[in-house]
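I've put the structures underneath this note.
Next, two complexes with subunit A in common: one pairs it with subunit B, the other with subunit C.
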Partner chain A sequence: MNKAEFLPHLAQVIEADIGTMSESTVLNELPNWDSMRLLEVIALVDEQLGVNLNANQLAKCETVGQILDILGEKLAY
Partner chain B sequence: MRCETGCRCAGGGGDNMKATITSTEYYLPAHVLSNDMVAVGSEDWTPEKIFEKTGVRQRHIASAEECSSDLAVRACEKLFASGCCKPEEIDFILLCTQSPDYFLPTTACLLQHRLGIPNAAGALDFNLGCSGYIYGLGLAKGLIETGQAKKVLLVTAETYSKFINTEDRSVRSIFGDAAAATLVTSIESASSGEFIGPFVYGTDGSGAENLIVPVGGMRARTVNEVEAVGDKFGNKRTCQDLYMNGAEIFTFTLRSVPKAVQQLLDKAQCSLADLDLVVFHQANKYMLDHLRKKISIPEEKFVIALSNSGNTVSSTIPIALTEAARDGRLRTGDKVMLVGFGVGYSWGAAIVQWRGGLS
Partner chain C sequence: MSEESSLAGYVEIVSERIVDRMRLDQLEIAKAPLRYGTDACCLVLADSTYTKDILNMRNSDLGAHMNRIQVTEEKHERWLASRLALPDILDFVVLIDGKFGGTASLTEIERGVKCEFGRMIIPNDGRRVYTLAVEFLGMSFAFEVLGLEEIYCAVVEGNDSILRLHLRHGWKLNPAYNRKAAVNDRMARLVGLSISRKEWPNSFAGMKKLVRRLLDKDTAPALT
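So, the complex of A and B:
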């Protein structure tokens, strides 16, 4: 799965508008951004990419771009 | 069976003595904490959203005077009232708790006295959380099949609510208090098969800090000033309260649970298709749904039983078993997989051939 395919899934899970979401979208400014969302992002990445994310790394992410960064090469560009 | 010297001991544990679950019961404290109450004061959390994500509609919370032994006594009284056995027949008490009445004495000893279980009975507490029921079954099986006991009272009892800050919704929304009692008895069996087992166990203490009550034990007994600190999601807790890093716990379960299930199936030389029911520790519904799909367990074989009581730690599996048997979903002879996982980290899985209700 590449980044373009992954982004709509991510937008849905974090309840961001795919039209306006960008790598600079700030997670804390999203509605309902809470600890449950972290679980949902972990579940999404496990389901779609078969990767077990490092939860503490994920918890430190402040933007959408930083989530993509920790996925790194797991996402085909 | 008698041992060769003719004494009245249980014998040397003949090959034909097998441990089996005979009966289960549970007790929930009277006070109910609803989703409406959990959501009070939050902009983001609504009662419906809490249910949708956690699968919990309400949890039962012990009163200020009610401790683990009190819940345990009530669960055991219900078990005895069902007629499965009398207190005087019990020869070993295994009690799983992380919220004991006292540092010492042992809560299982209090239970022996309060229930009128004979002085000849052995009793011990063991400290495990969500994996505790599996370990308890393993210990009970060991005691019975080595001839050390014939009727083991396995009790799980927690009052985690006493560790939970009312301003920490990350844990308050999930955990509830409860106790469960399971009677594990010795029966003669001509077949080589077992009613409890095989087992798979696992431990990873590197995850200790992710589900912890940091202060209160000997490492840090008390602090002079206890201040509640807020996290980035608006939850507040002190160092004497339960802390759960939910995301980290989730990744731990993704790593360990599917592997444990596969190891157990290999050990039992069977497949998911051979199982009648699968009962995981009822952590929260979101996590359970994801694990179920990941492991490809059919929905009709997978038990979700936390809407009325929440995550009751080591009691979720016996509560789910009791309810499944009551609903007719679990019948005599059924092959059930049980999987517990959590604080420690600690996990365990076992296969049980259900004989509940038969004595």
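So, the complex of A and C:
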């Protein structure tokens, strides 16, 4: 799965508007960003990419771009 | 398989490490090494073993909706001892992969009727993703082990993420439990919520997939 394919799934679980979401979208500014959304991202990444994200690493992410960064090469280009 | 019977089966798996399926009136709380959950995440009856962890958490900044206070070890031990003597309170610590992650309490326990549920998970790191597991374990313990009919809680008005978490998982606003309390030198409105035993199977069905992920050591989100 490449980044373009992954982004709509991510937008859905973090309840962001895919039309306006970008890598600079600040997670704390999303209206429903909370521990449940963090957990949903972990589940999504495991199910779609087979990666068990480290919760501490994910919790430090401030933007959508930083989530993509920790996925690194797991996302095809 | 009905939802109720599948729920019962899952709770049985989750509670495999319960020392005994005891009712509250049979518990010797001060002695019981009660552990409810799995190696990935469980509740353990609070005792002095966890004093330093609890103090570190309680004396840190837990956000705008929690009282910012400083508690000494001596004061905490006195408080814990007074609580252990009371028959209507169960104080737990939350262990995530064997390490301290927060606290959970069942208070005002009316045998066979209802209790208040409160929990505090360390908010500033990845441990907070386990909030849902703690919510599940507390509810499961109250309904399945203690056999209560209703659980209630009160959330500081404005603490939208916690309010949302409850509403998403079957809790309903219940004005009977609204109250006011001093939070950081101001009077705050606490929004009352409750959930009944009848609503619990549906609540569980909605959270089951994610709870299973959190409680299974093979899929539980890593912290180190």
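Basically, the second predicted complex is superposed on the first by the 77 of 77 C-alpha atoms of A that agree within 3 Å, B and C clash if a C-alpha of one lies under 4 Å from a C-alpha of the other, contacts with A are read in each partner's own complex, and residues count from 1 in each chain.
Simple rule for what comes next: a residue touches a chain if its C-beta (ideal position, glycine included) is under 8 Å from a C-beta of that chain, and two chains touch if they have at least 3 such contacts.
The structure displayed is predicted, hence computed values, not measured ones.
Visitor: Mind checking subunit B and subunit C on superposed subunit A, clash or fit?
Guide: With subunit A as the common anchor, subunit B and subunit C collide in the superposed model.
Visitor: Applying the document's definition of touch, where does A:34 land relative to subunit B and subunit C: first, second, both, or neither?
Guide: Both partners, subunit B and subunit C.
Visitor: State whether A:1 touches subunit B only (first), subunit C only (second), both chains, or neither.
Guide: neither
Visitor: In the superposed arrangement, which partner chain does A:18 touch: subunit B (first), subunit C (second), both, or neither?
Guide: Neither: A:18 stays clear of subunit B and subunit C.
Visitor: Contact-wise, after the overlay, does A:55 reach subunit B, subunit C, both or neither (first, second, both, neither)?
Guide: both
Visitor: Classify the contacts of A:26 with the two partner chains as first (subunit B alone), second (subunit C alone), both, or neither.
Guide: neither
Visitor: What part of subunit A is shared between its subunit B contacts and its subunit C contacts?
Guide: In subunit A, residues 32, 34-36, 38-40, 42-43, 46, 52-56, 58-59 are touched by subunit B and also by subunit C.
Visitor: Subunit B touches which residues of subunit A in the complex?
Guide: Checking each residue of subunit A against subunit B gives 28, 31-36, 38-40, 42-43, 46-47, 52-56, 58-59.
Visitor: Which subunit B residues qualify as touching subunit A in the complex?
Guide: Residues of subunit B touching subunit A: 44-45, 53, 170, 232-235, 245-248, 250-251, 254-255, 286-287, 290, 293-294.
Visitor: Please name which positions on subunit C make contact with subunit A in the complex.
Guide: Answer in residue numbers: 121, 124-129, 131-132, 161, 164-165, 168, 209-210, 213-214, 219, 221-224.
Visitor: For the complex, which residues does subunit A have touching subunit C?
Guide: Spelled out, the residues of subunit A in touch with subunit C are 32, 34-36, 38-40, 42-43, 46, 52-59.
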